[in-house]
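The structure under discussion is supplied below as structure tokens; questions concerning it will follow.
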Amino acid sequence: MKELQAKAGVLVEALPYLRRFAGRTVVIKYGGAAMTEERLKESVAQDLVLLKTVGLDPVVVHGGGPEITEAMRRQGKQPVFKDGLRVTDAETMAITEMVLVGKINTQITAAMNRLGRVAAGVSGKDGLLLEARRMRGKHDLGFVGEVVRVNTGILEALRDRGFIPVIAPVAMGADGESYNCNADLVAGAVAAALKAEKLVLMTDQPGLLRDLRDPDSLIPSVRASEVPGLKRRGIIDKGMLPKMEACLAALKAGVGKVHIIDGRVPHALLLEIFTDRGIGTEITGGRP
Amino acid sequence: MKELQAKAGVLVEALPYLRRFAGRTVVIKYGGAAMTEERLKESVAQDLVLLKTVGLDPVVVHGGGPEITEAMRRQGKQPVFKDGLRVTDAETMAITEMVLVGKINTQITAAMNRLGRVAAGVSGKDGLLLEARRMRGKHDLGFVGEVVRVNTGILEALRDRGFIPVIAPVAMGADGESYNCNADLVAGAVAAALKAEKLVLMTDQPGLLRDLRDPDSLIPSVRASEVPGLKRRGIIDKGMLPKMEACLAALKAGVGKVHIIDGRVPHALLLEIFTDRGIGTEITGGRP
Amino acid sequence: MKELQAKAGVLVEALPYLRRFAGRTVVIKYGGAAMTEERLKESVAQDLVLLKTVGLDPVVVHGGGPEITEAMRRQGKQPVFKDGLRVTDAETMAITEMVLVGKINTQITAAMNRLGRVAAGVSGKDGLLLEARRMRGKHDLGFVGEVVRVNTGILEALRDRGFIPVIAPVAMGADGESYNCNADLVAGAVAAALKAEKLVLMTDQPGLLRDLRDPDSLIPSVRASEVPGLKRRGIIDKGMLPKMEACLAALKAGVGKVHIIDGRVPHALLLEIFTDRGIGTEITGGRP
Amino acid sequence: MKELQAKAGVLVEALPYLRRFAGRTVVIKYGGAAMTEERLKESVAQDLVLLKTVGLDPVVVHGGGPEITEAMRRQGKQPVFKDGLRVTDAETMAITEMVLVGKINTQITAAMNRLGRVAAGVSGKDGLLLEARRMRGKHDLGFVGEVVRVNTGILEALRDRGFIPVIAPVAMGADGESYNCNADLVAGAVAAALKAEKLVLMTDQPGLLRDLRDPDSLIPSVRASEVPGLKRRGIIDKGMLPKMEACLAALKAGVGKVHIIDGRVPHALLLEIFTDRGIGTEITGGRP
Amino acid sequence: MKELQAKAGVLVEALPYLRRFAGRTVVIKYGGAAMTEERLKESVAQDLVLLKTVGLDPVVVHGGGPEITEAMRRQGKQPVFKDGLRVTDAETMAITEMVLVGKINTQITAAMNRLGRVAAGVSGKDGLLLEARRMRGKHDLGFVGEVVRVNTGILEALRDRGFIPVIAPVAMGADGESYNCNADLVAGAVAAALKAEKLVLMTDQPGLLRDLRDPDSLIPSVRASEVPGLKRRGIIDKGMLPKMEACLAALKAGVGKVHIIDGRVPHALLLEIFTDRGIGTEITGGRP
Amino acid sequence: MKELQAKAGVLVEALPYLRRFAGRTVVIKYGGAAMTEERLKESVAQDLVLLKTVGLDPVVVHGGGPEITEAMRRQGKQPVFKDGLRVTDAETMAITEMVLVGKINTQITAAMNRLGRVAAGVSGKDGLLLEARRMRGKHDLGFVGEVVRVNTGILEALRDRGFIPVIAPVAMGADGESYNCNADLVAGAVAAALKAEKLVLMTDQPGLLRDLRDPDSLIPSVRASEVPGLKRRGIIDKGMLPKMEACLAALKAGVGKVHIIDGRVPHALLLEIFTDRGIGTEITGGRP
């Protein structure tokens, strides 16, 4: 009985957070270890279903890099990267779409639906959710796209009937072709379009680190105006660049707060939302 | 961090119960020690606000015996009881109404509203929620009433806009007079009228006891059909009689389950709803 | 038959007023003789139920001074006033709340509910309708509050389901305590928050009098800009001061018109609304 | 002031009737002197607008005999009647429709719209409100129809947006032709289709008279089961026959009460609805 | 089968137009030969019902000149015109209203209702759809009006329930009198009030002609700014003047496009909406 | 112009069908040549978008046999069939899901979305649309399932916001595993659950043939009661068996009509719905 009461106490502690976030939309970029380790996958599914059940509106965007590479290799194709971006010819795009929509997306929704009739997978092409154009840059990367418009109709349809939308970052071009988009940037664009309360990016590090080799060098809070300086000093670099771009775009569009959290921590999502200090790095405040 | 994750684990454990009860109405008779001890009052308020916040629809009915007696004494009136029921002349009724509606009810709602804008007190006369007639019996008890009709309009109005209705058991007669009603019976009638999922009666004992002097003699589960036998054997007796009458009326009207719980246990309400076995005594099943 | 037709004629005469006010909100400060004399109480109840029935949305705020004093005396407490305001210690506040919410409010709603299932009492603490802070002034008056915020959710919930809200002027502080507020000012704040069509203050005089001793010195119409001058000349004085403050606050917030009427006249409310000239004093027009 | 209060008293007297009929549909057959005398036309318009304004839903069906005959004569056509029914060839039908829809109907709605934006004329052909077939009988009467179906969609569309539908009794046949229908029977069919609370037929006599020459021989109340006897004794005869048929059809379909009233009395409609005894003859009760 | 597939192909060709106009309002001035020749009347009815069925919202305004003149002659009245406008005394107005509302309007709706339960006739006086004042000019023309206000409530009521409103251009003055209004101008005012997507005026010529005697001199497209020049050069003249005035008023109020089409061509309406180039003359673009 | 009018005539011919099917649900099993030949794929996409645009509610279920086999072969796996059903081990199921959801489904929706923002792909696992259990039979076929429950929530969510749901026949078991289901049977179950107006099965033959080798031996209409006889005589055989089972299940659940049509004919869907005789074989009428 003592133990039961301690548990009741935990529920009661969550009350102020529950009340603060009731009916608010939280967009989550789901990726990294949290998407590959069984124990973490289960914990993320639980967190998402719990959030929906207690009255928040989570929207999930997932990535899928390693599995695409693996599927390509299995079909005898060698991935080519330029400046960290995958060169995507038509065949690669077909494999990418098949893996993202037909495999990773269905696994994520299935894990949630085992806990309740709650998740619905959507490709960015469904209901033209994501309209993209060929990415501009110094290299021609083929079917790599950047989002030019988000049509949120299908997300609202699902949300209003009690579903959590889980988005595969495949978009449709005005040319009718499929485009592969960066999942971080898709999450930012979706959060912006939905005027979400929060955008949460799950990574495989504790947050933004002053020194990547030192996990204790976490920067707990960053203002948008500090970002250019952090880039110049190389603290925001590589894979963190598109993440930060997504963060700034979301903040600019009116999203309240953005968080970069450590997806390797079980229940990281709940902890982020249901504790005062949050975990990882919080990015706040308007235009840089 | 370990501790935080343990807490997250508790939230996740609650998930199946949250999903099962989402959108369901639970009518709670609030009384006894839970209504007088500061620590318990706080714990009940937290439980009710939490239930509402995570998607259930609690409706509260409270009693008030001791405070009425005290207020009468303060005004120099001596309470008279016949067969355990207070003889209620016009002056006593005025004091009763003033204490129930103006003091006890406002204290209960205030405790909840300190946690959020969530509770709304209603007298049974508001919107003619409770229509009563003079109780029939061998003694004339004055303005003691029995409920003949429940008009749920005001409860629905409040529930649909996010409020927890807190009901003082004062009813209105066809003669335009106020009547004092037994709070257990009012709770049963309200649960029946709302076709509630559950009716929970808070008492100052662990539940229905085989032997009142032995707290370990709890009967965890009773079927409606067993009630007449338990009465004959004196196990259901005295104050438990109106409680059991309320239970049977509610079950007969289609309420799913009825629970008699120990209001002296902190967070008894949460424990009842968020654990498999529940606590106290559960009464189930149709007509006796 | 002739007499019946004359009556039909009266109904027809009301038609233009009915059409003009259909669906409009009218906030009424109810107090004075109209709240104590039996015949007037009945007439006010009829007027309010009639207004609701023909399509207006009346909202009532009542006072309660004399009964609070009487209840205090009965409990052996001596009221203390400073500058016309009651010094309100915790015990006085408890009595005040009990009398306002548990006695006066329930009597007003009961009178209306005898005519139909139509009225619902609310304390200003219900659903945090009235948020207050301790009144600032040269004396510490204890739990005397001034309204800092009106949360109209509960009023809309009741109105939309066909009920007339009847408000007891008890508010809740950020400190979780109860505060007694001036009913005129509460009526003004509620009218402002609801953007009411009209605010009507019932008094025990014919309206604003040029000379208090001469009932024929009624000023039928005052513009907001004239108020400072009338104060300087002592024509607006004493109990009329908070009334006028309520009027100006309401006008400033966009309420169409404010009326100070004679509550001692039977059916004063109907006469005010259903005749061209109105009765009493009308205050109009924007910021002073 | 005394006079004003007397008027207020009249309004208050109407309160119980207002509450009883709020939101109820009343179908009114409008005809006879009330449709030709200026003073009565004005009084009927006022009554209808008042009923709508205070919350009832009046639906009007009008006749038009004399004006049709006059229009035919003006165009050099001689009306022919068989068994009291007008033989209606194509040309007569064209004149009939033009007069009913283009003249009488527009005059009735205009009289109401001068009092507020409230009335909307409909032909029975609009939205196929009235579907008819050629009347069967011993004579071929041409385009005289009997209603076989009422499509209430257009009435609901108008009612829900605050309009009083005013129906000209022209129907459409499955052959695409226009048919002239008896207005009493149309009123009965519309009341039946709308499951109206009341059907009121306005006539040029005090109600059903035991002796047509003796206005004091009014039968105040008739049960449906008495009708066959009254017919046999010739008390129900001639023009009263279709009226009684309309009454019985409406009662059979679930209309609560039917009234035959004297349209020559100013405000007869209001008197019927807002007095206890009603006026004229009331027909009640189930199948004959 | 080949023929069937060709037909399917035609449906498919219409797809982009169907999607572009789904849910949009199109106001159509119906008049001229299309309203008098049997074959064209049938074709217009089909077009309108088809447009409604596939998701557009057509609203029709009809004229009626020749039939009014004929009806006047039949009653021995000689029409008088001044500057092309009919002098309209009270008797003429009565005939005009009877013919427009009772004959032409009912014929138009009947033709549509033979194809489905879809059309509803409205006089401009119904629900005060059209409020007018006496036309100002050098001659007193009697009851000739100009629209001063359009109350679209009744149109929305009908549209939202699946009906096509068909409007007779009779308006109501503040004096309670009926006024005859120019149907082109009514169509323009209605299109403006509804913020229609399109206004289409049906005429008896191919569109705006550079030379009235040369049907090949059609001007396919005119900008609003060119209109003054075209007037000066006499290309816009006589009956085209009120049409052009209606067009400009509609464009100014935000209507997207205006078309003057040849009503003598079967299915002219469908062709206008379901082909790229449209037919007749298109007028575009803002204030002149 | 003549040609344009002929086209308008085709649209008008479709009018009665448009009106009959407005707002009705049609479930389409999409498969065979219509899903592999470019020209037919385009024609099916056009037909579906057209049906949605003109007011019907199409719901699509697709199959995918050949592509799954091909994908398996590409990954070095040899398909095994028992009694015509694919033995589906875990790896085969993974490939099946990836191809059905990630490739075929996305191609079908993309073809439609090129014509408008209209299609949304759903796996049967999304929102637990399809709940299945392992198919019972003499062989263990692994993850081959039969539908035990259809949760239509997600279909209604999409339909009500203007989307065409396109369903991949992958279901979820109570064991949390994915199951491959026969697309014909899924279409039948979905039609039954939605109480669709029609179920249309696209095949690669003209319909049900008396002699498979003779395309002229089409049976245009079959009553459900005739099916057992046709099976005994071998006319319903092999691949036609599950199709007929789907048909009977749908009819039994209240679907109005079922059609087996030739998907090799361009615009077969439109022809079926927009012609009187329909094409292919129609199955009608209740329980066998």
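Order of writing sets the labels: A, B, C, D, E and F. Residues in every chain begin at 1.
Following the convention adopted for this analysis, a contact is a pair of C-beta atoms (placed from the backbone, for glycine too) under 8 Å apart; a residue touches a chain by one contact, two chains touch by 3 or more.
All values reported here derive from a predicted model rather than from experimental measurement.
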- Item | Lowest number of touching-chain links that must be crossed from subunit C to subunit F | 3
- Minimum number of chain-to-chain touching steps separating subunit C from subunit E: 2
- Name, by label, each chain that touches both members of the pair subunit D and subunit F. E
- Item | Relative to subunit D, chain with the most remote C-alpha centre | A
- Message: Quick check on subunit A against subunit B: do more than half of the interface residue numbers occur in both copies, making it same, or fewer, making it different?
- Response: same
- Item | Between subunit B and its twin subunit F, rotation from the CA superposition, multiple of 5 degrees | 120
- Item | Euclidean distance of C-alpha centroids - subunit D vs subunit E, Å | 35
- Here the gap between subunit A and subunit C, centre to centre from mean Cα coordinates and rounded to Å, is 54
- Task: At least two other chains touched by the same residue of subunit F: list those residues.
- Result: none
- Item | Of all residues in subunit B, those that touch subunit A in their complex | 1, 4-5, 7-15, 18-19, 22, 43, 46-47, 49-50, 53-55, 115-116, 265-267, 270-271, 274-275
- Considering the complex alone, what residue numbers of subunit E touch subunit D? 74-75, 94, 97-103, 105-106, 109-110, 113-114, 117-123, 125-128, 151, 153-154, 156-158, 160-163, 170, 172, 176, 178
